[in-house]
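Two complexes follow with chain A in common, the first pairing it with chain B and the second with chain C.
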Partner chain A sequence: MLPLLRQEWRLLRASKPYWVTLLLLGLLTALAFQIGWSRAKQTAERDQRYRVEQAELHLLVKEAVQDQSTREGPPEMRRPMMKDPPVDLEKLFNRSLSDIEKGRFRVLWNFAKGRFSLPHLPWRTWKVPSSLEALSVGESDHWPSYYSIDRRRQGKTFSPPSLFNPFQSMIGALDLSTLLTVLLPLFVIVVLHDFVSGDREQGTLRLILSQNVSFRKLVLTRLLVRVSGIVLTVLLVVVTGLILTGINLSDEHTLRLLGMFSLSLVAYTLFWSAVAWLINSLGLTSVTNAILMTMCWVVLVIVLPLGMSRVVAGRHPVIPLNALAAKENEIRASVRKAREQQRANAPQNEERRERRGSRQEGNRQETAVNSFILNELGPQRQGIAAEIAQVFENHQSRSDALDACGIWSPAFAIKNTCDLISGNSLSQSIEFSRKTGEFHADLLAYLEKLPHRQSTLTVEDLQNMPVFLPAPAARTISWERLRTNVMTLAIWSAIPFLIGWIGFRSRLL
Partner chain B sequence: MLKTIDLVKQYGSQTALQSLNLTVEPGEVFCLLGANGAGKSTTINLFLNFIAPTSGQVFVNDLDVTKHSQETKQFLGYIPEQVMLYKDLTGLENLEYFASLSRRRRPPREELKELLSRVHLAEDAWNRRVGTYSKGMRQKVAIAIALSKDAKAFLLDEPTSGLDPKASNEFSALVNQLKDNRMAILMATHDLFRAKESGTRLGIMKHGQLVETLQAGSIGHTDLEQLYLRHMHD
Partner chain C sequence: MYLTILRKELRQLIRDRWLCGGLVLFAVLVLISLMNGITKYQDVSSRQKSLQEAARQDWLSQDSKSGHSATHHGTSLYKVYSPLFAFDAGSDPALGTTVRVESHHAFPMTEPLAVGNVHPLNFDVSTPALLLQLVFPLLVILLTFSAVSGERDQGTLRLVLSSGVTWRRWMLAKMGVSLTILLAVLLVPLAWLAFWGCGVTSLSGISTSDLMSRVVPLALCTLLFLGGWSFVSLAVSARTGSSKMSLIILLSLWTGWSIVIPRIAVEFAQQRVPLPLADDLDREREEMAQYGHEGGSVYHKLRGEVDEKYMQEYGVDSREDLLIKMSALYLTAVEDFTDQIYDEQIAKLDQAFASQDRFLDAASWVSPYLAMRSLSTALSGTDRVHHQAFYHAVEQYRRKLVRILNEFDAFNVTDEKLGPEEEQRLRRAGLSPPFRVAREKPGPEVWASVPPFEYRFPKVDIETQRLWGPLAILLVWFLGTGLWATITPRSKA
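Right, the complex of A and B next:
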């Protein structure tokens, strides 16, 4: 086998079209990796920013709670708002602050002292990026990777950012997973559609068949040599990209993920090679082979996944997240409008109060606004909360159904693998949302238990408060699902290969 | 070395070969003459096991080719009518590739160069891409390929068609050289002149049957032509 491999390699080395194809594949892979990486970089930077922000917020609140300046003396001596906190904020955070930041921190310092205001501080949860985030954008375009948590949200965890590019939401971003799922088979078609028929048309097949070598072994070697170039090109670009972008490949978890990605890539490429093997075994012309393989590509990469997605979407309908967000925004706008109306009436009320010496009118206005919020908007808000809960359930069932589809579609299997490895799969996003929801519920439950709003906080209160501890997306990977995907691809590869093995006769002249 | 016993090949209702009995001994050049469709190439394809016989047996070095397909190919050198090699490789690289297929190891470069010398391929062509070769040059490489695996028998399918007189002459010289080296050669050809010149025995085929076998030395050019034409017109 080894001498055959060496000879096939020498033969391939002289083929310029092959190298041009690999070069094009390498460039596209690098481009897709770059796109994925720039997104991953943004996510990582945001993650880092949030971590710093939350750490500083905790530090500030802790310092504010420990500050005794407002606790000493009788209540009337307490300063409700301090112009400057009694600590040097720049020294506290160990960095220089802009005037805007200083102003914000001053407000937060005063805010943090009351139990009532604590729940309204801007706590955040965030999905920690995977080390191989660059491999796939996944569902990150459609699902928020961070949430703002405060008391006003009343248990809702959805606040999805609006979609900037609706077209992209339909076709997905050109990331590495899309390249592998959709375009890689086309490269296999280019390289392998004529790996036997080409020899027949060129006339070299007769001379090959007159040699005392197993024809099946020869063509198998040829197939493996040609296809290994494709796999190695993609892997080389990806690994080089990861090294250049500073990913620590000595980390065991990252290495395992990279190993699983490589296995899936090999299995998916082998599947398309097996299709080429089967079609070449039929003894047709190269053009016919190319047409047949392209038809297989259309069916297996376009029609079948699209059809299955449609069926799943039909069975598990979900309200688009931006539609829910729009509804929520409408309600917020109504509340804002009602409050503005109340403020606009306030001076008139004062005049009336002075004139009439009574506060009855002002109180009536305030009560009307509160009644409007409670009676009119409350049920709507609850309705949205229920809808959001339903969306979670529907997305979960849709995610499960799509995972199950992976068994019936190699394209689904490879896409699912890339999404999982990158930490951007739908199931991981749902899991993150669920954990945020749980954290939010815990936080609210804790805050509800705190005593009267006029009391000040103690350090113990703060220490007992639930803290969101994000797990890296890569750690929530379902290895079982990944193994199933690889097995699925292997079985899909074996079927056409075995049929081709039986059909491959040496008499292909 | 090459033998067929009651060999029959049918394509559906059409008979391509009808009870062919043929023997080619080492050092003998058996030329199969006949019109297109007479069964000459079918006979060669059967020796190479490219097609399966309908009935009868084909032997190479006393091995049945249908049962020992790969082993028998070790003894066979095959020169098709159009020798097609890999155009992007040089003559030497093509020889190396095909020689490695049969020998399952990479032959030494010096040995390959020696083979190309033996078939009289000009040295300046060895490292030129085969895409620039003439038919005669490609044939020489194909003979070198056969020699590289120590073939004991050669199957030549219309080897001189399309060759210029000089190249034809060179080819005949090569065939004579192979004959002198005790190779058994079965050559299918339309070229009566070359058949008479290189062959030791001549066989005239018609409608899948060997209708006449004669010693090449026992007949003159003109008589051979007349005999051939008579068979074709019958």
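Right, the complex of A and C next:
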């Protein structure tokens, strides 16, 4: 085996097209990694920014609630009447603040005290980026990785927070996962389409076989040597990129993820090598081999995934998240009507109650409003929450169906692996959105449960208030799915390889 | 002589059963894709039309108590699609299909078609246009990469050249064969598209002549683009030592021009001219609406201006003497003000998009695929500019609706307030818009005074200026590569 390896290596060293191909592959991998990395860097910066922002907000709310100085002030705070916070905010946040920030925090301080104004604060939810996010853009172009919690409307929270150039969505992003899924097979085609037929066409195959060597062993060695160049080029660029960008590769979780990525890459490359092996076993010309392999690429990378995704989309219809806002509007309209009716039936309004100072009338009013919240608002909010939960369930079942498609398409399997590792897979995005929806519903439900008379919050209220804690990226990864994908790729590689093994006969000479 | 060579080349090609099989398979794929596009267009258009009719019915049958509350009841408008959506969906699937029309706020378009789709591989070739512009060049490469280098590998090139045929004539024959095949693949889907499109013009309000003025240039541009690819392939094949090297170079060119450069260009355009966040725009609009450019309460300022204007117009000293519902006029003034803010924001956003487009247009010089996509989506009426034209029409309609109903409220003086003398005085004052006396709450006839939304699909010249660049690129691409292919290489054999 070793002499064969040495001989193949010598042959390969002299092959200029092979090295040109590897060089191109290396350059493209570096480029795709750079693009993925620049996006990942933005995400990491945003993650850090939001962490600080939300921590400061919580601190501000806590201080505002503890502050007793403005309790005597008017219950309804209008902007012109807003007071400066009695604490030194720069000292509180341990950093200097610009005038704009001071103005903003002044408004927030005054808002932070009230039960009804608390949802108006800029609460956010965001997804913690994976350490290997640079590997795939995944669904991050279609599913937001952060949400601004809307004041009142759960549905509106899911409106896309960022604008995009439609041309971008039409063209798509160049990331490492796309490169590996779509372009890597083309490199394998270039390198391997003539790995047997080339020798036959030049008449050197008979010469090689005239030596005491097994034909299959020779072909297998040649295939493995050529493929290893492709795999090593990609891995080398990726690992170098990760090291240069400061990723801690000694971290166990990152190392495991990188291991899974490498295994998937090897298995996917082996699959395409096995296709080359099978086609070369048919004894056709190099040009025909190239055509056939490209046809296989068209079918396996374009037609099959497209067809399968169509089937999945047809079988698992979903409601777009931003349609939830419209749905909620309908529910809100009915609430508004109910509220108008309630007002019409209510004997006195708040203003008159204060003027009269009648405690009995006030109690009646409060009972009416509490009963309205209990009978109208609560069920409506629960209805909206149930609607949102159902939508997420539908999206999740679609995502599961897509994951299952990995069994039928190696391209699906490798893409799904990269997306999962980078933390941008469909299932992870759905899970994050679902958590956002739950947090929003919990927050509103909590504020709703507070007694109506309690227009300002207490420290205890604040301690019990729901808080969004972003799940660490490690916890969102399904290792079982990753293992299944690698196994699927291995099985896919084995099938054409075995057929080709049987197909290689001496008549090919 | 030329025809003899052409026939020989064509015969040689037809004898390659794998290649012929590939071409037939591809042609079938394009036809299936077109059929799918047509079905999708018909589904979407008929759904949009029926939803639009239902929204109009809902508008006419509303029970709002006043004009302004009707503007809050609002209505929905549904996007009108070009029939060429079936060929090239362009950016349309990523953009919204419907928009709410209400007072005070210009809502964005929501419910894009693409949300229902799944894009697991981030490599969409689901439309006939993408199949022809992205995948077909690959087939063209396979068709021609060994056209000359294969002869060289087999040693038959000397034989061909010794038969008396000139290099240029031989290459022209090969180019002729390539163009014949391209025409054969393109003819059926594009003819089908034109024929079918003429039958569904009523769904989109596009005239047949306008449709044809889009389809014919689209077909020509596609032919120029693909022709350029076959010429490049022939030229590379003539200049490389082996078929393998030719394949490597051509696949690299395809990868670079069709996949890598467009994606990098889009990424850099986004980084160079980042777009604002929707949240930030909303907040800015809200703050501006409250405090304006100069700070202070906008509402009070506008209210004073309106009072002064109408008191002067009707010659009264006090606001109370006016028998016009001033609150409605204040709302109109606020609307005008917020519209102005919105226009400023849209202008800024358009500028950002235009800068990104300029960057992409510049990148088209190094990637003919980008030029082709720009032309294809523009001619199909599925690019951002066409979407923006629709949204602009929607916004104009919204403003018209709000103005009609606010003014209705303002000049509908109720009978309790209006005595015969005041009525005479207002009539003498010659109110504009015409003064009306309403003695009942508004009903269907008032809602019907707001005309239904009618959208005429823009003509092809909506963005002629912008398209000259990509068109020039395609012409240079076609002629330049054709010339390159016919130039005799230094070493023929």
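Operating definition for what follows: the second predicted complex is superposed on the first by the 393 of 509 C-alpha atoms of A that agree within 3 Å, B and C clash if a C-alpha of one lies under 4 Å from a C-alpha of the other, contacts with A are read in each partner's own complex, and residues count from 1 in each chain.
The rule we apply is simple: a residue touches a chain if its C-beta (ideal position, glycine included) is under 8 Å from a C-beta of that chain, and two chains touch if they have at least 3 such contacts.
Remember, it's a predicted structure, so these values are computed and weren't measured experimentally.
Of the two partners chain B and chain C, more residues of chain A are touched by C.
With both structures placed on the common chain, the touch criterion links A:G246 to neither chain B nor chain C. Once the two complexes are overlaid on the shared chain, A:V190 sits against chain C while remaining clear of chain B.
In the superposed model, A:A323 lies in contact with chain C only, and not with chain B.
Shared contact residues on chain A (touching chain B in one structure, chain C in the other): 16. Residues of chain A that touch chain C in their complex: 16-17, 20-21, 24, 28, 31, 35, 38, 137, 142, 148, 159-175, 177-178, 181-183, 186, 189-190, 193-194, 198, 201, 284, 286-288, 290-292, 294-295, 298, 301-303, 305-306, 309, 312-313, 317-318, 320-323, 325-326, 329, 398, 402, 405, 411-412, 415-416, 426. Remark: chain B residues 45, 48-52, 69-74, 76, 78, 80, 82-89, 93, 96-98, 100-102, 104-106, 142, 145, 149 touch chain A in the complex. Within the complex formed with chain A, the residues of chain C that make contact are 16, 18-19, 22, 25-26, 29, 90-91, 94-95, 100, 108, 110-112, 114-126, 135, 138-139, 142, 145-146, 150, 153, 242-245, 247-248, 251-252, 255, 259-260, 262-264, 266-267, 269-271, 275-279, 281, 349, 353, 356-357, 360, 373, 377, 383-384, 387.
If you check the complex, the residues on chain A that touch chain B are 3-4, 6-7, 10-11, 14-16, 202-204, 206-214, 218, 506-507, 509.
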